[in-house]
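Structures are listed in the sections that come next.
Common to both upcoming complexes is chain A, partnered first by chain B, then by chain C.
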Partner chain A sequence: MTSTAELAADRAAPAAGAWLHGVVRDADPAALAAIPGMDGAPVRTVSAAGLVAVVSTAPLDEYGEQPLRRNLEDLAWLERAARTHHAVVEALARQGPVVPARLATVHTDDSRVAESLAARRAELVATLDRLTGRGEWGVKGYLVPGAAAASAAAVGGGGVGTAYLRRRRAQLTAREEGQQAASAAAEAVHASLCELAVAGRRHAPQDRRLSGVATPMVLNGAYLLDLAALPAFTDLVRALSDRHPEIRLELTGPWPAYSFVAERPEPALTVREPW
Partner chain B sequence: MTTALAPSSADDPLAYRPVALVDLLDRVLATGVVISGDITLAIAEVDLVRISLRALVASVGALAPPEDAA
Partner chain C sequence: MTRPQAPSVVQNSGQVLPAGHEPANLGDILERVLDRGIVIAGDIRVSLLDIELLTLKLRLVIASVDTARQIGIDWWEHDPWLSSRARPPLEPGPRDPEQVEAERRPRVAARARRRDAELEEWDDFDG
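Take a look at the complex of A and B:
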């Protein structure tokens, strides 16, 4: 009699899995030898279906499902993992197009990685084609307090209590108006940037406790650009920054095209998302 | 463990900075291609990512109390 449990037990449990960093068309072995992976050893490749997956050996006592659940909640572990993974993806991106894997994409062994490549070949090839000669840039916009609140300053008349209430109400109104103005500016900036970009999307605004920035974030945009369009894009960011004093813009990048390789391309390519 | 951004400069919106962890997490957790492996099926769930971000916020919050909106 064979139960599922017995069958599972019969398979030798591998001691190390494969942490996927990204998929490329081909990789220069000499370059890869210089890139440290999750376990400190150089990353390696798994080739299948005419594609190359760049992976790290991932001991399952650290990167298996249960340990990962624990580790992902450990800020120090998460930061180290994110930075190591990013360093690999970034190094690959410098050589050519790469489809970055989401953090913590772990396969139990190399043959599973190869199967994934084969199963998703068409989509991966299409994505690599779409990313060739392009890069991702981020534009974040923060509310500038007081930029739209000047009108609230002069309010007079009435007794001390009335004046206080009126002033308080004016302050609240001003803050609300400031937030609305900043949101509208964010919309306008995003729309303008999308016109120059191949694709654009908005990530959720960052938590202030994570960003360390005191003022609210109103725009967390990502833009896929033809490399040739970069000078025009940076000029546009500068111009939009001048045109919209109610928000402060920050440019980040170049990034590997993390934001433009979603499983279903449609949402990632949507110019305006609800969040 | 550094999560704070470098001081922002209003006059140069184009200044390149070292990658801030929070910007990195936006990208490596929320996006990137999901190629399901045996384990990934379980860990790529949005729920787990959300949990980890919540824990992250909590631990950063413990280090630096949230500032009031200006």
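Take a look at the complex of A and C:
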């Protein structure tokens, strides 16, 4: 273990850990060979407990605890890491169900990854079963300013001052009402979408200062769909968009099922007992 | 093996755009990879919820507003630690419509005060 040659090799190539991208039932080696991992080399697999973990080699001088802390605070590094990790997860999702790992899940070596697979086997298998033949779609809803104010603006009568003040009052009232109407619409849209979806979840809306969209996001929903239900779901999004002019809907997907793999309770999946 | 159909994006009603050619919005990606996905305890303990990441959040706001805005992330918005005690000023950010409105409000109110009496007369007259 401590031969001179090995020590030299250690100095040449720093120790490498394993960055976990996701867990699948099985993986096609040819497909994996085409997927670049964190270090640019193709991702590889660690098999254990009847499951397959897809990992990247992660040199610990970049992905060890201290470097990782530092790197996660570097936006350029974070962006590259997030995009690479997501690209791997997405490529896996095209092959079949995948349980995506949260960003920056790093084990010191492959045997530790195998231990994790064995320890979480039951949960991972159950999740993979639940995701089979399904995908995640995102529906975001943005407030449409003025959609509720159109009727108020039409009220006429009176002189210039009156008209101005009426318009002003109407604007302020419409603003409040517009927000309430948009919230109500978001609620209604989410409820309708959940009826077609296997599961649905509302995430915190993205802030408008950062979303790049001038109007507030009122719905940031994720929906787990049977693939066969996608055309009906797309139609429903269109129909809801027409029915609720007070919000603008945006459908994205398919996403790997990031929103439906966590171990926390999923209210949408709870079957309510009839009274 | 299941094979989901090609990625697509529907903008508004009616318009369906293939999304395969465009990289997904980075904000959407970060939201997912940082906040969702299964948490498996790795050996390298860098919890995305630990204090260092709070530093990241702050640095994003202070030093990289433009970049942060481009990528559409808003952790501090729903992070009580940040939003209640440590929310830094967001300058030079884009003009927040609510802030613009708030700045206009005193001027509008002053105008309204000057004209309120007038309006009441007009309302009586209209009625």
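Convention: the second predicted complex is superposed on the first by the 230 of 275 C-alpha atoms of A that agree within 3 Å, B and C clash if a C-alpha of one lies under 4 Å from a C-alpha of the other, contacts with A are read in each partner's own complex, and residues count from 1 in each chain.
In this text, a contact is a pair of C-beta atoms (placed from the backbone, for glycine too) under 8 Å apart; a residue touches a chain by one contact, two chains touch by 3 or more.
Because the structure is predicted, anything quoted here is derived from the model rather than measured.
With chain A as the common reference for superposition, the partners chain B and chain C occupy clashing space. Once the two complexes are laid over each other on the shared chain, residue contacts for A:Arg83 go to chain B and to chain C alike. Residue contacts after overlaying the shared chain place A:Arg112 against chain B and chain C alike. When the two complexes are overlaid on their common chain A, residue A:Ser192 makes contact with neither chain B nor chain C. Contacts of A:Arg238 after superposition on the shared chain: both chain B and chain C are touched. Within the superposed three-chain model, A:Arg120 lies in touch with chain B and with chain C [touch as defined at top].
Touch criterion not met for A:Ser47: it reaches neither chain B nor chain C. Residues 17, 20, 23, 63-65, 68-69, 72-73, 75, 78-79, 82-83, 85-86, 99-108, 112, 116, 120, 124, 127, 138, 175, 203-204, 206-212, 214-215, 234, 237-238, 241, 248-252, 255, 258-259, 261-263 of chain A lie at the contact with chain B in one complex and at the contact with chain C in the other. Residues 1, 3-5, 8, 10, 13-17, 19-40, 42-44, 48-49, 51-52, 55-57, 59-61, 64, 66-70 of chain B touch chain A in their complex.
The residues of chain A lying in touch with chain B in their complex are 17-18, 20, 23, 63-65, 68-69, 72-76, 78-79, 82-83, 85-86, 99-108, 112-113, 116, 120, 124, 127, 138, 140, 142, 145, 175, 203-204, 206-216, 220, 222, 234, 237-238, 241, 248-252, 255, 258-263, 268.
Residues 17, 20, 23, 60, 63-65, 68-69, 72-73, 75, 78-79, 82-83, 85-86, 89, 93-97, 99-108, 112, 116, 120, 124, 127, 132-135, 138, 157-159, 161-162, 164-165, 168, 175, 203-204, 206-212, 214-215, 227, 230, 234, 237-238, 241-242, 248-255, 258-259, 261-263 of chain A touch chain C in their complex.
Interface residues of chain C, counted against chain A in their complex, comprise 1-5, 7-14, 16, 19, 23-46, 48, 52-53, 55-56, 59-60, 64, 67-74, 77-78, 90, 93-94, 96-97, 101, 108, 112, 115, 118-119, 122-123, 125-126.
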